[in-house]
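In what follows, subunit A forms one complex with subunit B and a second complex with subunit C.
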Partner chain A sequence: MRRLRGRSLWPAAALAAALVALPLVGNDFLAYQVALFLIYGIATQGVALCWGRLGFLPLGHALFFGLGAYLAGGTAKAGVAQPLWWLAFPLALLLPALLAWVVARLVFARRMRSGPYFSLITLAMTMLGFLAAQQWTGLTGGFNGMGDIPEPPGLERFSTLYWLVAAAAVASTAALGVLVGRPLGVLWRAIAQNEERLQLFGYATDRIKANAYALSALLAAGAGALFATHQGIVTPQAMSFVLATEFVIWAAVGGKASPLGALLGAVIVGYASAELRDHFATWEVFVGLLFIAVVRFLPEGLSGLAGMKVLRAARPRLAPVPAPPARAPRQVPALVYDNVRSSQGGVRILDGLSFRLEGPGIRAVIGPNGAGKTSAFNVLTGHLPVIGGRILAGGRDVTGQAAWRVARMGVGRKLQVPSVFAELTVRENLCVALWAGRLNAPAALRNAPHAWHTPLLDEMLGCFPELAASLDEPAGRLSQGHRQALEFVMTVLPEPHLLLLDEPCAGLSPAETHQMIQVIQRAVRRLNAAALLIEHDLAAVAALQGEVYVFHQGRMLAQGSLQAMQADVAVRAVYAGARK
Partner chain B sequence: MSDASLAFEDVVCGYGDTMVVRGVTGWVEPGRVLGIVGRNGVGKSTLLKALAGFLPVSRGRVRWRGEDLRSVPAHARLSAGLAYAPQENVVFGELSVAENLWLHLPDRNPARYAALLEAFPRLTERLKQRAGLLSGGERKLLSFTRTLGVQATLSMLDEPTEGVQPENIDRMARLVRALKASGRSFAIVEQNLTFIEQVADDVLVLDHGECVRAGSMAALGREALERHLLV
Partner chain C sequence: MTMDGGTLLHSLNLVYELATLALTTLGLAVVFGLLGVMNMAHGEFVMIGAYSVVAVQQWGLPTIAAFPLAIAVCAALGWVVERWLIRPLYRRPFDTLLATWALAMLMRKVVEAIWGKGFRNVDNALTVAVPIGDTSYPAYRLGLIALAIVLLAALSFWYRRSSAGLRVRAMTGNPILAQALGIDTQRLASRTFVVGVVFAGAAGVMLAPLIRVEPGIGVDYLLDGFFVLVVGGLGTLGGFAGGVGVIGGSQALVSSIAGQTSGYAVVLIISILFLWLKPDGIFSRR
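Then we have the complex of A and B:
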């Protein structure tokens, strides 16, 4: 544990050493100048957190920076006359974070691909904030700004304030460095890569994103508060989209995946700009070209070049500890499809699908291409709109529910094209699945969940030695067949009691198909679960020995034993069946 | 081997510093079908990607009618007579089925797809729909149809039957055999041995990135292949 924490803290420690040395090597004025860019750097870390970790780009972080600055400045001024005002100071940081959280909840709710809209909305909000700051003269001082902001008690603006700023920069670098290695940080990266998969495990990704955005706004507001005391004046420029864009450029140049990189991006580019702008008329062009070059050639920024990636493969092994029990319901949720209809783009996809599934065991779903097999799964996990009929799971109407809510009722789904987190290691992929329904908020911030094990996980790794052998490989490197195995194991780890398995044997040889079927049977028996399994290979269907559902044209054509289905005239008219 | 239309010699390729294919040699002769089989993760798709020009060949040679293919970029290989249908991401989801079939063709000669669309009436019914609305198996059918419609001298198909219902697999086999009879050749990566039995003249069995068996399908037989594919 101690070694692990030390590893994630070294960038912050190196930063601390450099910042202590700075005023000794240079002078107080240099430190004062650099402090401004450290302040910007903290806000840039917020941008980098959202962009580099979670994969959505906030274009308007100056709004929270400016709000923090105005609120902190106003509170400090009021505190001169009435010291009780200092009690309200935390609100200068919390209110912008709350605003960010509310906006993110509204934008991210129910829509997974809202990234570009989100960026534009944040940009528009900053422009609105800028106008408000300019026009609302009574409160903000308008164009001339809010001046005469006092120094914080006990600190001198041109000397000791530097240490407060330096401490804040080190603290935020350290906190982010630790967080990204914790389970929460792994989930952040998982969101950037495959939000849909995460929802199918029952993670409310819109909430995780909103919380992360609020955290990044908190950093920006904190930086804004420091800015107010550092400058003694806050003008609308502190809330302008120009500053917001600079945050983005600094994050990109420094390295959006690295907290220290983002901070240094702001310090180096920002400080160089301030110094060189007056000497070179074309300086802004140079910064623009630098930005283009970095985006084109260095997607991880200068920190990627320097290899400053925090904690990757070298995570030390923790001794395995038993995971807490899964929160999924312990029995098979009875599944009822009642005349379900669905269509998209004018195409009828499901046309009155009805069936009832109760009790454990595997049911095979067969049928011609385009019969609605995958779509039957899609309507249950919120991927396809239901225009008629209803779906009940465990006696509750789940028609049109979000994927994560259905997953939390104990429904696990494996997708047709195996879907994993390509840039996470196999081990991290397994962790994300294992944590589903087990990880509470405090645990998400601790290291221990990385070492969680369950008997089922150990058993599954025993069944798939090729996965056990590539735990530290990125999952994207696995062949499609091994990704099938990984996604299957991930699907069962949260211990759901209803499994939707969409062609789990695609891409497997006949012998591997046979083995996969055996593992599926083993897992289903161990969980005492029910499973719906889509398969074309009748040798595999026969091996399952369960009931067979035949779908055709969006409806249930027939159900019964495989022998009965193969003898059924209506079935034989649409589906012959064969082995691989 | 010199008159082979496609010949690859001692090919080594992979991703980053991980070499997945480690020295595989083979060839496809005109009018013949090469089946590439093996358990999953042994490098079949990787080999096909390298032959199609989507992965650099780290070592070895790939020649097409005697000419070195290494300097020919992926997009230029179609006009050289090489078509490729990948395993995943096979259609343009935002385009209609018809647009998917015609976007790369200067002509609109319906004869090109007549036999194919007759075999898969489902596609004809859905010509005007967005391809993204097709089911997984239908997308593979669309990709297969589009690739065979090119009538390339050599077509490389990566698991064309994945997710496809048995009747359609039989039709695919018939269509491949018909083109083969007209002198076209194929390199097909497959897990479905029934399909391989129906179409392949030669087979290449890969294991751990190396060729462990090669020869004519008739001489090897299904049982020999199954033995190699045992886990």
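Then we have the complex of A and C:
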């Protein structure tokens, strides 16, 4: 455990050493100047958290920086007259974070891939904030700014305040460094890579994103509060489009995936700009060129070049501990499709699909291309709109519910094209699946869940020794067959009692198909679950030995044993191409 | 401006505002709407257009020479940018956004290095006013309105009827299939981008006599343009006109009642609501 902390903390430790040395090597004035860019660097870390970890770009982080600065400045000024006001100081950090959380919840809850739209919303909000800061002269001092902000009690602006700023920078670097290695950090990266897959495990990704955005706003607001005391004055520039732009540039140049890189990006580029701007007329042209070069050639920024990325594969082995029980319901949720209709772009996809599934066992779904097999899954997991009829799972109407809500009712889904988190290791992929329904908020911040094991996980790894042999490989390097195996294992790890398996044998060799079918049967028996399995290969369907559903033109054509289906006139007509 | 013209003057002003908004947004509609490239440097191409007027007047050339200059500069720059900056980044929307943003910064800084940060007014030879009814209106503005209408109609006609328009639509709809059908999508994308930024530059030339020309003007054109496209949705003339109407109209209306700042604030709020609730535009069915 101690060794582990040491690994994620070395960037912060190195930073601490450098920041202690700075005033000794240089002088107080240098320290004062650098402190300003350390402050900007903390806000930049917030931008880098959202962008480098979760994959959405906040274009308007100056809003929270400025809000934090104005609120902290106002509170500090009020505190001079009435010291009780200092009690309200934490609100200067918490209110901007709350605003960020509310905005992100509202936006992310509406649609999953709101990426660039979200960026533009944050940008527009910052411009609105800038207008407000300029207009509400009574509150903000308008264009001239809010001046005469006192120093924090016991600190002197040009000497000791540096230590507060340095401590804050070290603290945020350390905290972020630790967080990205924890289960929450793994989930953040998983969101950036494949949010849809994560939702199918039952993670409310919009909430995880909103919380992360609130955390990044908290960092920005904290930096803003430091800015107010450091500068003694806050002008609308602290909430401007330009500053928001600079946060993004610093994060890109320094390295959006690394907390220390983002901080140093702000300190080095920012400080160098402030120093060199006046000496070289072309300095800013140079910064522009540097920025273009980084975006084009160095997606991980300068820290990626320096290999400063947080070490992840090097995580030391923890002794396996049993995982807590899954929260998914313990019995098969009865699944009822009642005259379900769906269409997209004017094409009727499901045309009154009805069936009823109760009790454990495997059902194979067959039908020609376009029969609506995958679409039947898609309407259940919220990927296709339902325009008529309803779907019940476990007696509850789940029509049009979000994927993660359906997943939490004990529905697991494997996608047609094997869908894994390509840049996470196989081990991390398995962890993400295992954590589904088991990881609560405190556990997400601890290391222990990395060592969680369940009997099912051990059994599945026993069935797929090739996965067990490549636990520390990135999942993106696996072959198609191994990816199929990995996604199947991931699908069963949360122990759902209804499995939707979309062509789990596609792209597999006959031997692999045979192996996969056996593992599926084994897992389904083990979980006492029901499975709906889409399959084109009738030999595989025969091997499954379950009931067969035949779909055609968005409806259930027939159901029964495979022999009965092969004898069925209507089914034969569909497959043999007779007139229908 | 006096209030003497009454309603007619007001409506002419409104039409003029909408026409300028349409002119400056047209290039972005081509680049963002057809290629899906969030060109954050769009406003800077408008700015370059405006500065080419400054340049030709400095060199003592007739103002009309700014057109070929702006077109040449924007086309060359657009071609280079598409080839070396944007083409490698298709399908990486955030990176395209950042790369063009960096480009915008670079363009601003270069212009600042040449002409300085201060603003410049350019001379306008066409200050004649045309009498309309019982009021009169600057001929230049009327010409601008007419030009905006003609350009919109021509672009829409080209997009709907010409074979090049068909190819562009094929490329937008399904680039891989378009390639399989023998359409050189790379070249087409390059040309589309160049056409888009040339539109922006030409708009800058036309607006130069009416605005304060300074290096930082691009941002406003960019944001207004994005807001128009967000409200209007992409790829249809009706949506474009709707977006121009909503954004330009509400800005003009609120500005005249409650001042410029409130007008701008209302545009921001409308845009946030659209981005949040109807990101596919006013006519989308979702």
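Operating definition for what follows: the second predicted complex is superposed on the first by the 574 of 580 C-alpha atoms of A that agree within 3 Å, B and C clash if a C-alpha of one lies under 4 Å from a C-alpha of the other, contacts with A are read in each partner's own complex, and residues count from 1 in each chain.
Going forward, contacts are C-beta pairs under 8 Å (C-beta built on N, C-alpha and C of every residue); 3 or more make two chains touch, one makes a residue touch a chain.
Keep in mind it's a predicted model, so treat the numbers as computed, not measured.
Overlaying the two complexes via subunit A brings subunit B and subunit C into a clash. Look at A:Gln518: by the touch rule set out above, it reaches neither subunit B nor subunit C.
Contacts of A:His482 after superposition on the shared chain: subunit B is touched, whereas subunit C is not.
In the superposition on chain A, A:Thr245 makes contact with subunit C only, while subunit B stays out of contact range.
Of the two partner chains placed around the shared chain by superposition, subunit B is the only one that A:Val417 touches, whereas subunit C remains out of contact. Shared-chain residue A:Ser159: touches no atom of subunit B or subunit C.
By the document's definition of touching, neither partner reaches A:Asn339: not subunit B, not subunit C.
Chain contact summary for the complex, subunit A toward subunit C: residues 51, 57, 106-107, 110-111, 114-117, 119-121, 123-125, 127-128, 131, 134-135, 241, 245, 248-249, 252, 281-282, 284-285, 287-289, 291-292, 295-296, 299. On subunit B, the positions that touch subunit A within their shared complex are 15-16, 18, 37-43, 45-46, 87-88, 122, 126, 129-130, 133-138, 141, 159, 162-170, 191-194, 226, 229-231. Residues 344-347, 349, 367-375, 416-417, 466, 477-482, 484, 503, 506-513, 515, 536, 538, 575-580 of subunit A are the ones touching subunit B in the complex. Residues 38, 85, 88-89, 93-95, 97-99, 101-103, 105-106, 109-110, 112-113, 219, 223, 226-227, 230, 261, 264-265, 268-269, 271-272, 275-277, 279 of subunit C touch subunit A in their complex.
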